[in-house]
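Structures given as C-alpha cells follow.
Paired with chain B in one complex and with chain C in the other, chain A is shared by the two complexes that follow.
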Partner chain A sequence: MKTAFTVLRKDLLLELRTLETLPAMALFSISTFVIFHFGLTYRNQDTIQGQLAAGVLTVTLLFAGILGVNRLFVAEREQGGFDAFLLAPVDRSSLLLAKAAALFLFLAALEVIAVPAFGVLLLGPPLSPRLPSLIVVLALADVGIAVIGTLVSALAVQTRARDVIGPVIGLPVLIPALIATARAIGPVLGTAGPGSLPGKWLLILALYDLVFALVAYAVFDFLLED
Partner chain B sequence: MADKPAIELRGVARYFGERIALRDISVTVPTGATLAVLGRNGAGKSTLLRVLATLLRQHAGEVSLLGEPLPRRAFAVRGRLGLLAHDPLLYRDLSGRENLRYHARLHGVSLERVEELLRDVRMERRADEPVRLLSRGMVQRVAVCRAVLHDPEILLLDEARANLDPGASELVEPLVGRPAGRTRVITSHDPQAALAEADLALGLRDGRPTFSLPADEVTADHVRELYA
Partner chain C sequence: MPTYGKGLRGLSILTLATIAVALILVFFYAPLDASQGFIQKIFYIHVPLAIVSLCGFVFGGLLAVMHLRTGDRRYDLRSYVAIHMALIFGVAALLAGSIWAKASWGHWWVWNDPTLVSYLIVLLMFATYTPLRFSIEDPERQARYASVFAIVGGAFVPLNFIAVREAQEYVHPRVLTLTGSNLPGPMLLTFLVSLLGITLLYITLWKYEMAAKNTRMQMRALRRRLLGDDDISPLQRSAAPSL
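After this line comes the complex of A and B, so read on.
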C-alpha cells in the first residue's frame, strides 16, 4: 500500500505540473455535450431525459475516460518510469493499484465538471435531487473503467499503435459496464426520479468490478515482464 | 574478495526476433571487481547490462547475481543493483529532488540520503528545478544519485561519465568510480579509460565475445580488432 501511495502521489504531482490528461478529458466531455445539445434539438425540445439521457452521459464519460487511459503509462514509457519501478524491490501489483487509483481520481474529477455541464446543457429534469444516486452508479462505473483502463493501458503502451490499441481492446471489454451503468442511471434521470435506482444493475456493475479487479491482479505482473 | 562471484554468466544468449543481440557470453566477476564491456555501437553492451539489471530475460544460458539465479530469483537481487543507463530514468516534469525522493521511497531509503547525495554532486541549488530545464551534465549528476541512492552492491554503468565535464566527473567518482568499492560492470566508447579502471574486460562484436581477459592483458591489437 505504501508503494502504491508513493506512485499515486507521483502521478498526481505529474498531472498537476503538466495538466495533460484531465483538461483534455473535461474539454472533450463538454464539447460532446454541446454537440448533442444542438444535434438532439427537435421540435422546440432541447432537453433529454430517461434512458436517452443516461446513454448520452455514460457514453460521453466513457470516451472521455479513454483519453485518460491512453495517457496513463505514457510518462512511464517515455521517461523510463517502467524501468525505474521494475528495478525497485517492490510488489509490482502496487503499480496496478496506483495507476487504477489515479485513473479513478481523474474520472471522479472529470465527473465533478462534466455532470453539472450535462445538467445545464442537456438534462430536462433537475439534476440536484438525482445527484446522490448518480454518484453511487458513477463511482461503481469508475472502478470498472479504472481497472480495465489500467490493464489495457499497460498492454497498449508496449506497442507502437498505443493510441489505437487502447480503445480497440478497452471499449469491447467495457461494454457490459456501459450497459449496466446506462441501465442503472436511466430510471434516475427519468420521470420516476431519484429514488428509482435499480438494484439489479448495480449488482451487475459491482460484480463486473470485482471480477475484473481479480483478473487484473492475476495478470498484471505478466504485462510488466520482458 | 569473497569466494562467491558477484556476477556469473554461462553461455548467455539473447535475441530480438531473428536478430542475435548476445550469444555465448560467459564471464565471472568477483565481488568488488570491475568488468569493462567494450565494443562498437550495437555490439550488445546495453543489452548485456539490461539482462544483468533483470530488465531483460536471457533466452539461453545461466545468469547468477550475488548467488541468485536469474530470472527465477530476480526479486531477491533487485534493490541490490544500481543501473545508470543512457536514459536517466528521471521524470522530466519533476525536479531532481522530487525524482530522488520518489526513488528513495520506492527503495525504502531515508530522505536525508537524498540531500546528502545532492550535496555530494553539488546539485542542491538546482535540485528544485524541473529536470527538463537542467543541462545534460546536471541531469547525469542527478541520475548518478538515483543509481546509488540505495547503496547497491552491484553497479551497472552504461557510459556513466557521458555529458560530464572533468569537474563533474571528479564529483561522481566517489559514488560510481573504483573508490566506491562496489562490483561494477561498465561500458564506454573510450576503451583506454574503461580498461584503466577495470579488472576484467569483455570484448563484444555483433553480440559475440571476441575476448574475455584480465584488463591488463588486453592489448592494443585486441582493441583495434574489436573496433575495426
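After this line comes the complex of A and C, so read on.
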C-alpha cells in the first residue's frame, strides 16, 4: 500500500510539473465536441440529448482516455523505471494499483473539464440537475477504463508498435463497459428531466470492473518479470 | 518432445465419419423449418462453429493459465494454436451467420441482434492476438505477454455476452436456453451430431497443427545438429511461438 502511494505520488507530481498528459486529454475532448457539433447537428437544431448525447460523451471520454493510457508507462520505459521497480524489494501488484489510481485520477480530472464543456457546447437539457447521476456512472466507468487501461498499457509499452497495439487491444476489451456506460447515461440526459439510473447497467458495469480488477491483479506480475 | 501425431489417423477418420453422418442427418433426416424452409439448415453448421470457436478461445485462455503457472513454453504453443484455430472457426461462423441473416432477415448484417454483435466484438478482440505476438521480438516475453492477453480474452468472452445481450432485444432465435432446448427431437439430434462433428474437427485440426509445428521444429533441430548453426537459414519472423 505504501509503495503504491509513493508511486502514485511520483506520477501525480510528474504530471503537475510537466503537464504532458492532462492538458492534451482536455484539449482533445473539446476539439472532439466541436467536430461532433458539425457532424451531428442540423440547421435549426444546435443541441443533442438522450441516447445520442450519451454516446457522444462516452466516445469522447474514451478516446481522450486512450491518450492517457498511451502515456501511462512511457516514462518508466524510457528512463528505466521498470528495472528500478523490479530491483526494489516491493510487491509488484502495487505498481498496478498505483498506475490504475493515477489513470483514474487523470480521467476524473479530464471529466471535470470535459463534462461541463459538453454541457455548454452540445447538450440540450441543462446539465446541473443531471450531475449526481452522471458522476455515479462515470466513476464506475473510470474504474473499468483505469484497470483495463493500465493492463493494456503495460502490455503495449514493451512492443514495437506500442502506440498502435494499445488502442487496438484496449478498445474491443472496453466495448462492454462502454455499452453499459452509454446505456446508463442515456436516460439521464433525456429532455424530460433526469430519468432514474438504470440499475441493470450499473450492475453490469460494476461486475465488469470487479472481474477485470481481479484478472488484472492475477496477471499483472507476469508483465513485469524480466 | 511429445508427438502429436499419435492417434491422429483414427481421430481424422472419426471426424470425417461424424461430419458425414451429420450432413446426412441435416439433409435427409431433419425436417424443413416451417417458417424459414431450406435456408434454416445452415443453422446446423453456423451454431456449432460459433460455439466451438468460443470454447476454443476459452480453451486457449486455460492453456495460457497453465503456461504462466508452469512456465512450460509448450503450453504457449498449444494456446497459440488453440486461439488461431478458434479464429478461423470464428470467421467461418460469422460468414455462415451473415448468409443466414441475408436469407432470413434480408440484410447481411443486423445490428439489433445481440449474439451477432457480441460475437463480432470477441472476434475483433482476438484478431489483435497475432499482431500483439508479432510486435514483440523477445520470444520469452512474447510468450508471456500473449498468455496474459489470452487470459484476459478468456475472461472477456462471457462478460461481453452479458453486456451485449442485455443491450438489445432478441432477434436471434433463442435455441438453447438455461431451461433446456426449444428444438423438436429430430432437429435436436441433428444439431447435437453436428456439434460433435465440428468439435471433433476442431480437435483434429488442432492436433494436426501441433504435430506439424513440432515436426518442423524437430527437423530444424536435427538439421542444426547435422549442418551446424551457420548453415541453416535463420527463422522467418512469425507470430507463432518457437520452442
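By our rule, the second predicted complex is superposed on the first by the 223 of 226 C-alpha atoms of A that agree within 3 Å, B and C clash if a C-alpha of one lies under 4 Å from a C-alpha of the other, contacts with A are read in each partner's own complex, and residues count from 1 in each chain.
Here is the rule we use: a contact is a pair of C-beta atoms (placed from the backbone, for glycine too) under 8 Å apart; a residue touches a chain by one contact, two chains touch by 3 or more.
The structure presented is a predicted model; accordingly, all values stated were derived computationally and were not measured.
Of the two partner chains placed by superposition, only chain B is touched by A:Lys10; chain C is not.
Looking at the shared chain after the overlay, A:Leu86 reaches chain B, while chain C stays out of its contact range.
Of the two partner chains, chain C is the only one that A:Ile179 touches; chain B does not reach it.
Contact with neither chain B nor chain C is seen for A:Met1 once the two complexes are overlaid on the shared chain. Taking chain A as the reference, the larger set of touched residues comes from C, when chain B and chain C are compared. Across the superposed pair, chain B and chain C both touch chain A at residues 225-226.
Against chain C, the residues of chain A that register as touching in their complex are 151, 155, 158-162, 165, 168-169, 172-173, 175-177, 179-180, 183, 200-201, 204, 207-208, 211-212, 215-216, 218-219, 222-223, 225-226. Here chain C touches chain A in the complex through residues 68, 121-122, 124-125, 128, 131-132, 135-137, 141, 144-145, 147-149, 151-152, 155-156, 159-160, 162-164, 166-167, going by the rule given at the top.
Touching chain A in their complex are the following residues of chain B: 53-57, 75, 78-79, 81, 83, 85, 87-94, 98, 102-103, 105-108, 130, 146. Chain A contributes residues 2-3, 6, 10, 13-14, 17-18, 75, 79-81, 83-90, 225-226 to its touches with chain B in the complex.
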